[in-house]
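Chains: A, B, C and D, in written order; residue numbering restarts at 1 for each.
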């Protein structure tokens, strides 16, 4: 017949809704005490150790073990390696390995595995490959003893072996699908059925683990695009733990009664002056000009207003846990526009100069940009910001080297040499290769000194860098490790993301 | 001639668009708000107390105070000044989006709608493509190519919303391409471009203005959304950027969100209100003075007139009926003015008049179905002894179909195009008479045969657009008599039909009257029709009955001068024009 | 002498011959429309119509809906494409000519449509509507505007109508505007497509009188398309009856309506009721007698 | 009818193809330095170049597109340059989330808009004004503000719904409902504002048509006439607007999915596009275009079904 029921689009829409039945796994139960759900804004490029980054450590720590374990306070403890020792030249590190560890397929973890992993790491082209620069090879001394040969001393080698470079994957799987099917000796294994790469990773406890099992049967890591959503998730108990960086979200977290939060000073924020030799901006070659910039900024107000006072003022790039740290250097450059103008005048630029800096809105918000340009204008420096897309910013700054300086957030690991390697040695953040005799000498001294004698030259270097005003640090930022009250979090020295081992059930 | 009736009813509302605009509170308020915002923003450099970019970080988040009426923002800038200056970029951005959308959509829509053909196909395809593009990806990618400024984003946005203008203009123009005045313009020798400029643009102007207001509002909202996603204006202080900045500090200073939020909300609300007010003003769709609800309650609320014994004997009895359409200003236009009518069983009464005489209104009032805004002011209408005026919907529903039925003028528009003839016929049968599906179908076939449709089975399965006008009128008559009514109200039932079909329909009415003893109220302007079928006739002029009597008497010996005028105008006896002769001698 | 010819001052001088030559001549005209649906065959609307209109003559074209009578008018106006056959105006082929040539024809051929509500642009002032044909033919704007007043006089509308919109006028008044518009540039032929069908009886009469009067005065020829034989009869010198795209009968109005040859003409004639109950009853009987056999 | 649907599907396919070319070109234009972004500032330039070469970025655009297309027709959309996820897999994971959202919004919008629109169109008067006011407010408030307010009130303060996350219906139907309720409501507000106005004006338009009066004159109850006939007549323009809202929703989903931490298609748009993760974005573009094409097709078929006359063309 031709009679039809009255049609509304509602019926059609219902059809569409019902189509949606298949689906991926979401984050597992939130209030289940056996499950730890970590919220994060960091997504790993892959789960292949070659692509590992410190900020994504928990993802890797779930499925891989590192050779050396870095304790929350930054000291090193045995993990897959039970003992280690340097030779006198500091170019040979002998590692003694555990003998009771095997990969899932039965392959034993041994010196061959260490050799395979370590020798692959610098070659595999990951973002941290440079940390094993100077690796000449790994010698298999016997089944469970490996000797790492370096071309020159690397004072941070142990740090790196507790970090990205230290994750040991099954040598049989290297280069073969580790990205999405990790194969390590870690306490958990990835549950591919409930994992949706890019949003949720679910790790299940392994039945057999060589070490002390971690307290959670299941660990889920959920990635977020916005800290606001992340914090809301913690507030409603769907996320057990997270790191909160934005000032406003921190104040939410602090004021919310049910939440536990642990503050930690981690990154420092500041200008890195790349062009200390004056290639782009000749004025910057003069130390007095760089000092003037340091004096020009009103750091206390910036700290108070831009990050709601959540941080500590500093004028040095070394972290508080490093040997190089000198408390009095934190107040070397007072806010003193008068002095800044004098210094500029002494340097022959009484009328100031022009400066163009890159601005990535995620790091330099409008208020910061305005306040810095206002402060610099005060002393005659005319600052312009170029707004850069994140996709192109790194190329513009590091490949094209188009800017004399840049505002960055940098981690402050407890290991002095990490800071030296990244900020002082020619390369990464010193791509224009600035140096001077003092720096060269001190670096050599630190590199070759026995462990207990490296502190003094490091402090010396720190003082020299502050005096030469290589950098314009603003403050160390305080982050809040927040939990919904069911988890206790122990911050990890020098890293924003606590190690996976640092989470325990509360109470 | 209901079209003309409607037109003349609307005729008193002869007011210019400007005056209608001024009379609409919605329009005035929204225009005022918008105007104030635009003026404030345009004067920003003059009235803003501070430079929008001068920052004093130390005073960031300071509350309102003298000199800083809305306080200071997270960078220590004056919020009020930023709001004023920011409005410039926000509104200018929206203007850019609208301008681009207009420039891209309107000419293409004009050309596609007017010329059709390959250009239409191509343009339509292209704009469909634009609409299918994921806007966010396009915006992001273009931003990466062209740089992070609000202008780029708004240009791209304009291109993305251009299809809405294109479609609007194209469909409006395509619809008017068939209009006679466009044909006329072509006959006069107007070129296509001039036709577009003169006729087409004038017609699409109103919808474009409305759409412009909506798109402007949307662009402003979208700007804010993009800022929220971190893809914004660069360093320009747009309202969206301010809102987003306030959002990132909402816990520290919630009040900061209020001002840009208010500015955005007010502007968007004013734009959408203006659009809807403009629609009413420009498209002349203003609600009638009395809205339906009030009109209905008035029509049903009054005390029902009593029914006299005399009224009970007649099938239809109209006494002193006055129908009026109230105006905005409280006065009312009376379209029917105290008329009396009577139809007995088996009798056909012709109600004759010219357009605007009120004959169709009378017919509607018999059905209790006056158009919106109209109401019975005085008098009574009884059908089979039941009072129609003031009767409740339930009573009317019972009477309609089974006691009084209706045959409309224009057969096509009176059938629901979405339903088959069968649906139209069986629905009342099943609903009113409670017949089963099969019985109703049988009865429907029977009815179609009764109205002399030979291939009833096929017609039953047809949709209205698949049958001819004459056929449709037969279907409507079949539907009207399906529940065996006593009175048939036929409103110009043959006017839209060819004369040969008209003769058949009239014959059908006549036989229904004879066979079923039905009474018919036949509304018509055609005296020939009256002569053909009516027993009695009432002549209506400007809402009053000027003459009433047997058809034969009124048509052969009219008493009222107006009836005589009407009869004089009939061409039946006008001599045919003589043969043509060349007219060389008639030099002027 | 041909008044319109003299107005233009064209040609070598008055020539008795030109007056007898048909002004408009259609020969074996075919028009077809694409069928509904993709592969549907084209629908033939006109199947070989031959018809002529002489200067100053009114030719009525009668038929029912779907007979093709309006299509013929539109084909003459160039609003629908001609499939085959020719249309000649004043000796020149005008079927399927270029847009430019067609525009020039606006000077000679004009139109009045049926529906006075849709044939005037509702958004244009009457004055602009009336000036349009003048402007289209290249008359300067000021001159065009000045001529509008006289046009309104000719159709007996008040001069202040210039500044008003169509919706402020009744149907009959609008049709006067449409006629005035058609007259604006003194055409030689006006195609009238049911110009009085939508009007009230009394209005219809006055508009018809106006059309007659104008013809008397200017010698314009009408192609008068209508479904109403009584209207056609009163206005036309000659009448052609159209059925399904073909002319079934043609002849002088008087003869054709008094003594039609073709049964279709007869049926049309008898189907139209007359306003006299007695006579109408007779006609009805007559119709029933003649046509009951072939009633569907 | 089938031929009609097939023809529309064919033109939809062409559309998809052309858009894929456009999108591929547009995305490649900014030429984001993927290697540098991936490896960070510390990586030496050779490594970056090597990495870019490994991704095929050193080859001509046309070749890259051809490769992409050749794989795409086998439903292999490649792997993300930044997270290594299989694009096909990732879309398969995320599409249900976004479709849940959009399906829900469509349902809510259709139901609420039709109820409000019919109510306003039939009753007019105060009801009409109220419904129009709702439309203005829904339209005027930036949608992300509505969303943020909803999260704070209904999730954080009242705790009625989870603030973030998504539970697939396969895992828990109630969980699914509770995770999508707020996002659906948030997205529905502007959609209802638009569609209800259209329903209202179409209802008023259809109510004024002759056949409605004739149906009432047959003695059919007014509600029956409204629901059987008026609604059907008013549905066509309303459906068109609803379809347009649906397309616009893909944009709205970007914001809402971010705020609710929903792992849908929208949430990935901004980040992956700004990074220049062409394989993923191509996948997103293709999926959203396909969704649009399918929705338009559905609407065309629905309109044809509602309106027998439209079946002819």
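Heads up, the rule we're going with is that a residue touches a chain if its C-beta (ideal position, glycine included) is under 8 Å from a C-beta of that chain, and two chains touch if they have at least 3 such contacts.
Here's who's who by UniProt: A = ABC transporter substrate-binding protein; C = ABC transporter ATP-binding protein; D = ABC transporter permease.
The structure displayed is predicted, hence computed values, not measured ones.
Enquirer: Suppose chain centres are the mean of their C-alpha atoms. Which chain sits farthest from chain C?
Expert: A
Enquirer: Compute per-chain Cα centres, compare each with the mean of all protein Cα atoms, and return the closest chain.
Expert: Most central by this criterion: D.
Enquirer: How many angstrom lie between the centres of chain C and chain D (ABC transporter permease), each centre taken as the mean Cα position?
Expert: 54
Enquirer: How many angstrom lie between the CA centroids of chain A and chain D (ABC transporter permease), rounded to a whole number?
Expert: 37
Enquirer: Taking each chain's centre as its mean C-alpha position, how far apart are chain B and chain D (ABC transporter permease) in Å?
Expert: 31
Enquirer: Tell me, which residues of chain A touch at least two other chains?
Expert: In chain A, 389, 391-392 touch at least two other chains.
Enquirer: For chain B, give me the residues that contact two or more of the other chains.
Expert: In chain B, 144, 230, 419 touch at least two other chains.
Enquirer: For chain C, write out the residues touching at least two other chains, lowest number first.
Expert: Residues of chain C touching two or more partner chains: there are none.
Enquirer: Flag every residue of chain A that touches chain D (ABC transporter permease) in the complex, lowest number first.
Expert: Chain A residues touching chain D (ABC transporter permease): 6-10, 12-14, 16-27, 30, 43-46, 48, 51, 53, 125-130, 179-180, 196-200, 222, 224-226, 228-230, 232-233, 235-236, 238-239, 389-392, 394-395, 397-399, 422, 427-429.
Enquirer: How about chain C: which of its residues touch chain B in the complex?
Expert: Chain C residues touching chain B: 1-3, 6, 14, 16, 19-20, 54-58, 64-65, 74, 77-79, 99, 102-107, 109-111, 113-115, 117-121, 123-124, 128-129, 132-133, 135-137, 167-168, 170-171, 178, 181, 185, 198, 200-205, 217, 219, 227-231, 233-238, 252-254, 257-258, 267-268, 271-280, 284, 287, 295-296.
Enquirer: Enumerate the contact residues on chain B facing chain D (ABC transporter permease) in the complex.
Expert: Touch residues, chain B against chain D (ABC transporter permease): 125, 128-129, 131-138, 140-142, 144-145, 164, 217, 221-222, 224-225, 228-231, 240, 243, 247, 261, 264-266, 268-269, 272-273, 276, 287, 291-294, 364, 367, 369, 371-372, 393, 397-402, 405-406, 408, 410, 413-419, 427-428, 431-432, 463, 465, 476, 479-480, 482-483, 489.
Enquirer: Using the touch definition up top, name the residues of chain A that touch chain B in the complex.
Expert: 1-3, 246-249, 251-252, 255, 298, 301-302, 305-306, 308, 361-362, 365-371, 374-375, 385, 387, 389, 391-392
Enquirer: In their complex, what parts of chain D (ABC transporter permease) are in touch with chain B?
Expert: On the chain D (ABC transporter permease) side, the touching residues are 11, 15, 18-19, 22-23, 26-27, 29-30, 32, 122-128, 132, 135-137, 139-145, 148, 197, 208-211, 213-222, 224, 228-229, 232-233, 244, 247-248, 250-251, 254-255, 258, 266, 269-270, 273-274, 276, 281, 284-285, 288-289, 292-293, 296, 306-309.
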